[in-house]
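Got a structure for you, questions after.
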Amino acid sequence: MVGFLVRRLLSTVLVLIGVSILVFLIMQLVPGDPVRSMLGQAATAERVTEVRHQLGLDRPLIVQYLDWILGVLHGDLGQSLTLSQPVSSILFPKLGNTMILAGGSLLICLVIGVPLGMVAARRQYSVVDRGSMFVALGGASVPVYWAGLVIINIFALKLGWFPTSGMYDTRNPGGFEDVLVHLVLPSVAAAVVPTAVVARMARGSMVEALHADHVQMLRASGVPERLVIWKHTLRNILPPVVNIVGLQAGYLLGGVIFVEVVFNWPGLGGQLYTSITAGDMPMIQAGVLFIALVFVVVNLVTDVAVALLDPRTRKEA
Amino acid sequence: MTTATLTQPAATAWRRRSQFRLATRALARDKVAVGALVVLTLVVLVAIFAPLISPYDPLVGDPTIRLLPPGTPGHLLGLDGQGRDILSRLIWGGRYSLSVAIVPVLCAGVVALVLGMVAGYFGGRWGELVMRVLDVVFAFPIVLFAIAIAAVLGPGLVNSMLAIGITLVPYMARVVYTATVQESGKDYVEAARAAGLTEVEILGKQLLPNVLSPLVVYATTLAGLVIVLAAGLSFLGVGITPPAPDWGVMTSDGRQVLLEGYAHVATIPGLMIFIVAIAFNLLGDGIRDALDPHKQTGSRN
Amino acid sequence: MVLSGKRLRQLSAVVIALALLAACGGPSASSGASGTPHSGGTLAIGIESEVDVLDPQRAGGWVSWRVNRQMFEPLVDEDLSKPSAQAAVPALRPGLATSWELSPDGTVYTFHIRPNVKFHDGTPLDAAAVEFNIRRMWDKSFQYYDAKAAGQTNFVWQPLKSIATPDPMTLQLTMKQPFEPFLRLLSQGGNGSTGIMSPASIKQYGNDNVGEHPVGTGPFKFVDRVRGQRITLARNDDYWGTKPYLDKVVFRPLPDPSSRVASLRANEVDMIAVPPPDSVASLQQSGFQVSEGAPPHVWFLSFNFNDPIMKNKLVRQAINLAIDRQGMATNLLKDTVKPAYDVQAPANAAYVANTEAYGYNPDKAKQLLAQAGYPNGFSTVMMTSVDGSGQIIPVPMAEYIQQNLAKVGIQIQLQTTEWISYLSKWAQGTPPGVGWAQQSWGMTTPYWLYIVTSSSLKAPNGPNVGGYSNPQLDQVMQQAMTATTEAGAVEKWKEANRIVTDDAAIAPIVNDKAPYILSSKVHGFVSPSEEWYDLNTVWLS
């Protein structure tokens, strides 16, 4: 187990370095000049050059990259080009907000997706099975930016049960409850695709598990059905389900961008989108790095959990 | 299935042909998958024959009759914010939305096939390295990666296809790689080598069909996701842009008037995306089930 | 003109609608003043994009200045207490300078700094503090010089030669040559601003971080900011001027227009900016108020003078005549804008309506095109953005123009880009193959014309993105800028106007009315002839 962890950590570091280099290179190709965008319509070429020099953007690429890496290792993520603020002061709160949203979605995904999949598997090929899988599939096939608005229209405007957007009340920003009530609609919207994926996977694994030989044998030897399901098959479907849930967590980190835009949730996805189009290098670098970091950590935790749950994979590792 | 009594290449060829036939028959029995295939074929045909079918020019509008609802005389599905006929735009839009769903998946699939099979079969450290490099891309959330590439390339149909295609390669390559590794270890490959077949022949004739199956299933499902992703890119302004009659663009434009009571402008194209995405997914499910040996023989277990 | 039965019915409908609107009280320029104003309450405003930074000298864009000007004040300000109907061009009024004199040769400004004014952090306002601020935007050798601020406020301080403080409350600015627009430019805030910041705060936090701790002299002071969520300001009880009624103001960025409308309807905010044109009527029916004016805004096209087709004056004139501005204003934008009949905005002393050059005359347009050698039209590319500050709904508007031009044989292909990318793309000038680029801008000083048409400011050196160059125009504008009286200057600006119109260098399309939708609880809000507003007079019932 220790060897496994060490090897994974090492490859994690390598992957992160790779990620940062890849982002750096890609962003050099983004057309447009962040300094021009920063100075707006009235910028003259002279002023643009001056500001570019002040920001160190006229240095060779390799110097800029190394300078940035050194900064990161010292905890300094640099200054955002377009927001005139230290990157860390924008990044961490927004990363936190995205994780809250992703967390809420993941919770919905687990609480609804797994039982749904299991029930569908128990009643394989029935109306319940086909119906629920179709609904799950349908949810995943709808463009979120449209469905989100419809959800807002119904639940926030017409019924007034929830706020229309944002993370806090505007006039009286509150604490935990305020965030919770604002979290409901966006996390439901964000959860639709992962729930569909998890439900289908859970169903598939459950079907396999229910028909597995040793389960048939247990049934044949008179073990009550309830026990068969809860004690035996559940344990068997946990590894693939945990795996897929871990993958969904990763997907959510990036996939929530549409939800963040429609519901005005102040998360990193929305921020990265703006930064990418504005060419705000320091912001993009740091943002992507941290998303990759969280993603990789989640994968690591998932893999460890799967390894713990399923002795077979441990042998391969 | 024992093939010991036949010569190796002939045996596998026979095996492949009968497997293909079994799969097609199983698919034909699956009513849902057939339905999905019919829907998709219809949509493709409509898109191809758009110039003949479309009642109006999708790009010309009359602002004085903008936003009229479905059922307006002469405009079955109503008009959009520029006074353009929605039905015509829907018909022409198929060309954009289907292209952006199918082309990247096909191209990425080919690239992924080559990459994955070479890495998986010849394997060893080089294979591992290629996969590790692809791992770097996996650390990016797929949506952000597509956005970044789209931002670099700029908006438009071709660039959208390119951006999505590039994004899909690692995911498809991973599927191919895993399948290749699994298949490479099996007996028939050993036997083929022993029978004196060249590496290329082994790759092409033995492995390819078996690796293709999971890829085809994955690709079909991906097409369904891609069409929704492409619509999302249009929404953000980095995908296909107005005035193209792409369904994603139409839905995005229509959002502006959704709350004001003109729901049809966004809902109709949104529904199209929904239907096509579901069709792809159901077809993918059907193909997967059809390739499952249990299903092929009709056994319920 | 013979009226068909259909036309007659349409006209009657319009007349009846107008009558009804007048009866119910249509859009007003200031919100209803029922009841007496009283102190208290928090006003929540839904704004159309996030503010970039709360450093008024570094910040760019109208959205940022609308927030910053509640906290910061320039030496010379504009009187925004009168709606557009009462004041087409806002008059200048004393800000942090109580009075000023200009030397007879027009090069030395003497400002008398307002006494007994404190910054929000308690430090006093004096001539030294103002000098500190100016040097930050102008003097490269100054310890706290900021290149970003200098870049933004470039046009204001360029002609400055030297600063002197003869006594603690007097500031003397000497220009290199007379610069008539100077006073008006001091009051502006679209590209940086000259809002005076507390020197102590700059010293304490440094140029890069002072935007997190804004300290000014204005009627509101900073409370907190959560990026993407809110900017909270509270009343400054020690304010030297008219103290606001409101306890607090919260600005909430809501970039998605549908989201903005939804927030207003759900009573999460009290007023919103930039409502989608199609929502205005139904919001009014639901009991909301519309406040609009005639700000210095022009939505315009800059022709590409390096393009072989656009080089031809007749072609440009034809395009101006082929666009149905009134149709766009009424049908597409539901009268939230006015058709633009001059390159200057109406909120400008040099505005002269010219329906002959900018009216809708597709037949004459075709004639001109034939004369120019394009009887069958031609095709070209139009650049615009997907959204953005002051852009209203650029893509549908561009598509509308596309359809207008198609009727005279001109086929245009649209090139749309996301706003922030568009800004930098636009600033680099119109590339080959592009016929024109679209932008929204304008100022209450006619000097704006210089910024977009001067040959010395051709892209990428400046915002003259089409590369327009007319030496005669440059000369006239120089005369306007160095005039010693405002009347003299305006006369020259009008002459410049005529030259630009004759050259058809720019195609102005519409002037935004900048509608704000307010809930019935909001009173005292004034829509002046400016792109920003004061909140001192606003109260909530």
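When the chains are written out, they are named A, B and C in that same order, and each has its own residue count from 1.
The working rule: a residue touches a chain if its C-beta (ideal position, glycine included) is under 8 Å from a C-beta of that chain, and two chains touch if they have at least 3 such contacts.
Being a predicted model, the structure only gives us computed values, none of them experimental.
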Chain at the geometric heart of the assembly (C-alpha centres): A
B-C compared against A-B, more contacting pairs: A-B
Subunit A and subunit C: spacing of chain centres that average the CA atoms, whole Å: 39
Where subunit B and subunit C are represented by their mean Cα positions, the distance between them in whole Å: 47
Whole-Å gap between the CA centroids of subunit A and subunit B: 23
Multi-partner residues of subunit C (each touching 2 or more other chains): 258, 262, 265, 418, 421
Contacts with two or more other chains, residues of subunit A listed in rising order: 31, 149, 153, 157, 261, 277
Junction residues of subunit B - those touching two or more other chains: 151, 154, 236-238, 255, 258-259
Subunit B residues within the subunit A interface of the complex: 132-133, 135-137, 139-145, 147-149, 151-152, 154, 224-225, 228, 231-232, 235-238, 248, 251-252, 254-255, 258-259, 266-267, 270, 273-274, 277-278, 281-282, 301
In the complex with subunit B, residue positions of subunit C that touch it: 257-258, 261-262, 265, 276, 278-279, 282, 327-328, 331-332, 386-387, 393, 395-396, 399-400, 402-403, 406, 414, 416-418, 421
Subunit C residues within the subunit A interface of the complex: 42, 44, 52-53, 55, 58, 60-61, 147-148, 150-152, 154-155, 191, 208-209, 211-212, 226-230, 248, 250, 252-256, 258-259, 262-263, 265-266, 268-269, 418, 420-421, 423-428, 439, 441, 451, 457, 460-463
Touch list for subunit A against partner subunit C, complex: 31-48, 50-51, 53-54, 79, 82-86, 89-90, 93-94, 149, 152-153, 156-157, 160, 163-173, 261-264, 266, 270-271, 274, 277-279
Of subunit B, residues touching subunit C in the complex: 60-61, 63-64, 66-67, 81-82, 151, 154-155, 236-238, 241-243, 253, 255-262
